[in-house]
Amino acid sequence: MGKIITFGEVMLRLSPPGFDRFSQSNVLTMHFGGTEANVAVSLAQLGLDAAHVTRFPDHALGRTAAGYLRRYGVDTQYIRYGSLPTGQAEGRLGLYFLETGAGSRASQIIYDRADSAFARIQTNDIDWEPILTGADWFHWTGITPALSQGAADCLLAGIQTANRLGVPVSGDIVYRSNLWQYGRRPQEIMPALTEGCTLVLGSKSLFSELYGVVGSTFQEAGRALMRRFPTIRYVTDTKRTSVSASHNQLSAKIFNGSTVYRSRMHDIQPIVDRIGTGDAYVAGLIYGLLTFPADLQRAVEFGAAASALKHTIPGDVNLATVTEIETLVRGDSSGKLRR
Amino acid sequence: MGKIITFGEVMLRLSPPGFDRFSQSNVLTMHFGGTEANVAVSLAQLGLDAAHVTRFPDHALGRTAAGYLRRYGVDTQYIRYGSLPTGQAEGRLGLYFLETGAGSRASQIIYDRADSAFARIQTNDIDWEPILTGADWFHWTGITPALSQGAADCLLAGIQTANRLGVPVSGDIVYRSNLWQYGRRPQEIMPALTEGCTLVLGSKSLFSELYGVVGSTFQEAGRALMRRFPTIRYVTDTKRTSVSASHNQLSAKIFNGSTVYRSRMHDIQPIVDRIGTGDAYVAGLIYGLLTFPADLQRAVEFGAAASALKHTIPGDVNLATVTEIETLVRGDSSGKLRR
Amino acid sequence: MGKIITFGEVMLRLSPPGFDRFSQSNVLTMHFGGTEANVAVSLAQLGLDAAHVTRFPDHALGRTAAGYLRRYGVDTQYIRYGSLPTGQAEGRLGLYFLETGAGSRASQIIYDRADSAFARIQTNDIDWEPILTGADWFHWTGITPALSQGAADCLLAGIQTANRLGVPVSGDIVYRSNLWQYGRRPQEIMPALTEGCTLVLGSKSLFSELYGVVGSTFQEAGRALMRRFPTIRYVTDTKRTSVSASHNQLSAKIFNGSTVYRSRMHDIQPIVDRIGTGDAYVAGLIYGLLTFPADLQRAVEFGAAASALKHTIPGDVNLATVTEIETLVRGDSSGKLRR
Amino acid sequence: MGKIITFGEVMLRLSPPGFDRFSQSNVLTMHFGGTEANVAVSLAQLGLDAAHVTRFPDHALGRTAAGYLRRYGVDTQYIRYGSLPTGQAEGRLGLYFLETGAGSRASQIIYDRADSAFARIQTNDIDWEPILTGADWFHWTGITPALSQGAADCLLAGIQTANRLGVPVSGDIVYRSNLWQYGRRPQEIMPALTEGCTLVLGSKSLFSELYGVVGSTFQEAGRALMRRFPTIRYVTDTKRTSVSASHNQLSAKIFNGSTVYRSRMHDIQPIVDRIGTGDAYVAGLIYGLLTFPADLQRAVEFGAAASALKHTIPGDVNLATVTEIETLVRGDSSGKLRR
Amino acid sequence: MGKIITFGEVMLRLSPPGFDRFSQSNVLTMHFGGTEANVAVSLAQLGLDAAHVTRFPDHALGRTAAGYLRRYGVDTQYIRYGSLPTGQAEGRLGLYFLETGAGSRASQIIYDRADSAFARIQTNDIDWEPILTGADWFHWTGITPALSQGAADCLLAGIQTANRLGVPVSGDIVYRSNLWQYGRRPQEIMPALTEGCTLVLGSKSLFSELYGVVGSTFQEAGRALMRRFPTIRYVTDTKRTSVSASHNQLSAKIFNGSTVYRSRMHDIQPIVDRIGTGDAYVAGLIYGLLTFPADLQRAVEFGAAASALKHTIPGDVNLATVTEIETLVRGDSSGKLRR
Amino acid sequence: MGKIITFGEVMLRLSPPGFDRFSQSNVLTMHFGGTEANVAVSLAQLGLDAAHVTRFPDHALGRTAAGYLRRYGVDTQYIRYGSLPTGQAEGRLGLYFLETGAGSRASQIIYDRADSAFARIQTNDIDWEPILTGADWFHWTGITPALSQGAADCLLAGIQTANRLGVPVSGDIVYRSNLWQYGRRPQEIMPALTEGCTLVLGSKSLFSELYGVVGSTFQEAGRALMRRFPTIRYVTDTKRTSVSASHNQLSAKIFNGSTVYRSRMHDIQPIVDRIGTGDAYVAGLIYGLLTFPADLQRAVEFGAAASALKHTIPGDVNLATVTEIETLVRGDSSGKLRR
């Protein structure tokens, strides 16, 4: 029980220490992350078997990225490494630069991910059958099809294989307009990917924008989405109020076609690292759906608490433990010293 | 006026920088601390003469620990160093690993103090008579008798010598159940230690658990404790409300057998380092009792303000000055830049 | 349009990392700053041409200080370097040591600026005519005349040259009593400097203390100041409520002789670095006066927002961009991640 | 081809940065290492499948240690975690403190490994059969039987299982007299462990001390050892000349019963990190024996070059690549920049 | 006298601290560099006016790169910033990752510079006429034409403008085969660029490979090159013997058509940072040619000494002073403490 | 046996990490040092009782400097703190900035010590009688009388008190011409200070320059010095050959009026920190003279070995142990790992 497959790009993240601006620092702190890999790490930390599928350039930094995932418990055996016939690495490692804000100063990201080894992936790079055989879950996001035709094709093959093998599929249909540079619009690509999904994470405005599916409430929009894509059993979303870069409020909800389950609202202050908090929710929710599938209320609370805790952890990935999350699910946010 | 003797283990504390989890960091920040030594450092910083009695292994780290105390003004001449006939160090330096939490994520400690040079202490290692002669105060805590029979015996000898020499004794009767591994229960050991105390720090539930002394309020329980141990002139305790790992509220009270004096409540946000904040209270209170003994209200305010300020200082020891504490005692918590 | 000249000492600032006390750290973080140079850097970051006039010792640290200003866009061609006939540097680089507080613990500064190369400046060191020709603004503060007779004389020459060339002059009349060690009182020196000012930053109590000008409100006091010094077109000030070292509230106002324009109040939490926040206000206001001179409300809001943002940026200088400041002027303090 | 099993303790290593002495630093750099695990990491970096068998306390630091091995490619599935029925971790993580010397100042180690979770291992903690089935090599060292009876027993079971399954066994018979505290002498324990070995690393003085086997040259002593333990096919050793803590010379030799093959001598300057350089030799040699078994000269050169390169790499483990080692085997020690 | 223009890409360099491998570090040290900009910084440090022409993306990192050059005295007014009509930055900042070797372990570079804002440069981005008017020198290298057709075209326009304006031109004809990915061969591009050169840095094998110009000695090959390109007055080259990554030997020579002047050989140990040492030579030589043009021996010694000193300075750029270089030119390599 | 008193200024030393130049770094490493205090720390580390007499400003940095000495075992009870009647600190803490060179690049120091609290010392600040009573040695250097008349006077009083009390006095007669700014020449001041010395450290050229005492060899010059100052029993000096900033050779000699004892020559490579190596020699020699007074050969070897080891230790003070020094005295410079 509990083998999860995720697929997507992993980037090296580089950030000035503390609250330094880019123009001030002379060192950059390294983390690695990517929305789907973040989910894999989080699930591995929760004790499940998670394997991430991606493609790196075959050089020391690509290998280091894989080592980063492995260190946190993710199975990296399906990772592919791009190399040229000359033995040189092929493609680059995607990067992003993060400057951490505080108070009324926003954090900012400079992406530098174009033409990565992952973006150059081709359908035949990944043989999905052996990877997904025996899996309990497959997760993807809207970032992947935005990167390149190859990534979109490869993802579609993965989803279809999962469907054929009866593996549940979750899709976080996040839409970033400044990606999608390869000539296709998300409306052309996303519906086919959403086709075989069991769970979709997104807002009703996204449902409308991507699929033309409308509803005046999340519940109605979710119901409409389920009509459009009958495999979908759950739609879910988070709600964030940004008081400042250091203070957010977060809650989540999940709709199973009949009932909307809502988590309590978490008041998060201070924020140590906001990156990957949505992925932490997804991972917590998947953990809940796999571990206590009958209790959606508990699952959405688990996901929301996981996300809340991620805000206190540096880096993209959630290193909170089941015990810590359950403490918060029980309503204990006192942060009392544990000896 | 103002020579204080403290006795207890000093540990090397190792913590990942900032809010990093143990699994993330590749460096650990060093501090040294121990509940009784923390009191000594704090008193030395307040300008009193404080000497700490402990036992270290006779190696570079043991010597470094002593240097740490000395740097902050503590007299280290009574420290003993364990060595084997071969010249090699005997016993180890106790350690603890601290991961600093934030918001709803709790800080956590992994102790690694078993079988330290201090735990191996024997009664004849310390000749209390010259140490306590001329002293104005002796302070101990419930950690020491929990570590080993030798430590408990040695402490008892110290308390009894203090009593004989007329040196006031304070005991912080903290009870940590995961210590006490050497075969004795605190109920067997603590009463004899409490026997000669002038001041006891503890809660009424502790009074009940350790001595079977009960009372429905702190005042009543305190009065009962004083009946049981007639040398006790003061019982004191702090009250902490943990809003989150980054936000606490703290106040203190002291009971002299007739009146309970309560400090104002300090709202503490953000918390830089919560460790040693109780010890900072004890030190502040002892400072008050020695410096303005007639004014218990001022003493308890001084202790509470000292503790509040400790929350803003990295490490186990309180480096706040008398001026800073008095500013806060006067109600000025504005933190205005001093030039 | 938009060439600003500033004049004053630049110091090397040395501070223990994070919230460490001076007694704890074994490294010090370097920044450079000085109230007038901070204004220059801020204006350069906002896209205007700013040149700073100062004097450094002619050694590696003096050159490094100039490089610091240049890196952030300030024109350093007018900087003078003190050297002896032997080729050795003459004078020292002013320093200050900053310990950063938190919560109820105040930050503190130890100044070490006596006898700097700047304090040794002589009138003939600076030829103001070519520097100020074509300039759009000249800014000075009350720190400079407090340092030495030479600095005061040199500043007076600068102001008088600016007046002659028709360059608007702003003066931040800050008064620090522990400076002014060279035998003159500010009341003897400041009036002549204020003589030719277009804009004065100060409180009504300062107006009274320095010039004997009184008024029961800021408006009345400002009006009185304008009567005394008829060149003054604007008086301005900020108002800060210090909840704690980590939490301040800040607003600003400007009076043009007829109307007081008040900015909204900014709630600032957490404070990353409070140093230079007043200078950030001045720079923001000058930017506003030069860029949208007809809109005093917008100018004071721009200045206040600039100052608020500076609190989130390490170091003395404001590195906020026009876009960031305008976002906050528009009332968006949500700090939402920018990708 | 190429699955190697190693067995032994892994410690957290803590060292002051650069050349700081213990008494100077306030931060310690973390690495993890242990002689057998070092071999595993090195082999994993060379592209072989290596799994390390050990036992950690079941807490965050124990898990971090496992993550460290995994990050560098070692299979950690056979690691056991000690926990008490209460869920608390059982045993501690072994530690050592390393101060790095330079020139004529020696590096020094303070061990703090007593009573670790590994030292508490029991025979039934490890089920060797499934671990060793299909393995190509098993490696142990003389450190393990020195730690505790349980460790010695467990190792013996491993060696015997390997013998039964036909897995070649290598033993580095290093003898550290300050270990062996549990009441047995190495002469009682080591012979049985050496019994089933294929390869032994040690000097002729060790052969004499541990087994009473003598010979006037390495060759003769090796031949005598092979007579005593007929499974041994190879004896090997390194030779180090220590010019200073920053400059060593190193070579290696291997004897197969008929011929001694000697590597060239490597002049190593500067030394970045001397720890684990012997293990790097062992790993390189095993790599050679598994990858080009017919060419002992090449194998010993490969091992020696691997060891030489390890001296330039911080930490206990060798992160040199096959390409780098082969460059040095070919005699190119020019260190020319690779782009 | 002494205005030098350089043209080429500037990259952000990221390197693990000390001798850490890429796989070990969690922080990267930042420097900026590029072969031509390195020359500009070095010349600015020597007191000449140097302006660098390049193109950055118009984002915080691009601006930071410019600030880096400015801080070290380079005029950045001619730098262009790429932005899209949307206001977003256009193109990326070129990067390279550097791992520093030691002893027999080579340093290695992973380039990540494809498709940078500089590589996207177009001829009309740079208006050479005003830039080169009044200049005393123009310097380019073979890296620039290797990056893109646009860069090659832009460079050619610069050289031709320089020729028209009578500005001497130096070309470092370095050839890197793994660049040149845009479809042209260096043999097609380099001759036209070399056409107008006054000084060429290269080896006789490069003369042969790029221009088909041969000679059995450097002198003969240089003479042949001068016949082929009659504007060339000097050919120069350095000679490096790499004992190890920590120990090199370096000398230089220059040929003026009649005589070869050779510098003394510098024994360099330890090497702190080898990157940019060739550029330091070029800068030193240009300084010599501009400052004491009649003394070629002194110029080549100055260049070689500048290069030798660069090996001791972290980063890509040479921060050695004229005084330091002249001390070494005089043969004083004792490194005696200067107070 | 073994109480040593030293007297002199202690400065805060600030240095860029590693081999960074001043212009590159944004952090400075802190150490404290001063030639006489360095001797005190070294002697304390060797196990003797050493007390340092100095004067600091009464602020956090002055207190931190004292804490630094105390941490390394120096008795700080005689330190005076300058404060004004207002309670503010009086005088400043002397500073120096150190940039560490390598190879042919020299280290350089920028002093910033003028007008320190120590330079402002007055004769009546120090009551020498109780300090020197019972002392076994008093040490001073030529730096102190160079700083101010007050410092010179105070030193003279100390030497005369020592003479009266029969305490042996050593003087390191180092002459730094860029000190001596207060209007006196060393020739006016030094003879009276040298009057009561037992041991003088200096070269024959210094003997000539300061006292007009000449001799063609060290022996002859020493003999002449002893004639001039009959209390002198020993003259001593070190000899250093500076191969490069990273490689020195060092030996020492001592002359007792009849015989010159010479240490062996130490080849020191690499040099970690050259500062304070002369003071380490003095401390080692004093240790020898106090501990094995009959064996001058051993004493000079001990001093030279102490100095050699100091080159490997960061900071101004020698933290080598007796064991380490004796190992080197025995000729073992192998730097073999100690476990």
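Read from first to last, the chains carry the letters A, B, C, D, E and F; within each, the first residue is number 1.
Here, contacts are C-beta pairs under 8 Å (C-beta built on N, C-alpha and C of every residue); 3 or more make two chains touch, one makes a residue touch a chain.
The shown structure was predicted, so the numbers you read here are calculated from the model rather than taken from an experiment.
Mostly differing positions are employed by chain D and chain E in their mutual contact, as under half of the interface residue numbers are shared between these two copies.
Just one of A-E, D-F or D-E has an interface built like that of C-F, with over half of its contact pairs in common by residue number: A-E.
Chain centre most remote from that of chain A: F (centre = mean of CA atoms). Taking the mean Cα position of each chain as its centre, E sits at the greatest distance from chain B.
The interface with the greater number of C-beta contacts, when D-F is set against A-D, is D-F. Distance between chain A and chain B, defined via averaged C-alpha coordinates, is recorded as 46 Å.
Spacing of chain C relative to chain E, judged by their CA centroids, is 40 angstrom.
In chain D, 18, 21, 23-26, 67, 71-72, 108, 178, 270 are the positions where the chain touches two or more neighbouring chains simultaneously.
By the touch criterion given at the top, residues 18, 71-72, 266, 268-272, 308-309, 311-315, 319-320, 324, 327-328, 333-339 of chain C touch chain A in their complex.
Put simply, chain D touches chain F in their complex at residues 18-21, 23-24, 101-109, 111, 176, 178, 242-247, 270, 274-275. Those residues of chain B that touch chain D in the shared complex are 14, 17, 21-23, 25-31, 59-61, 63-64, 67, 88-89, 92-93, 95, 97, 99, 108, 110, 112, 114-115, 178.
Within the complex formed with chain C, the chain E residues making contact are 67-68, 70-73.
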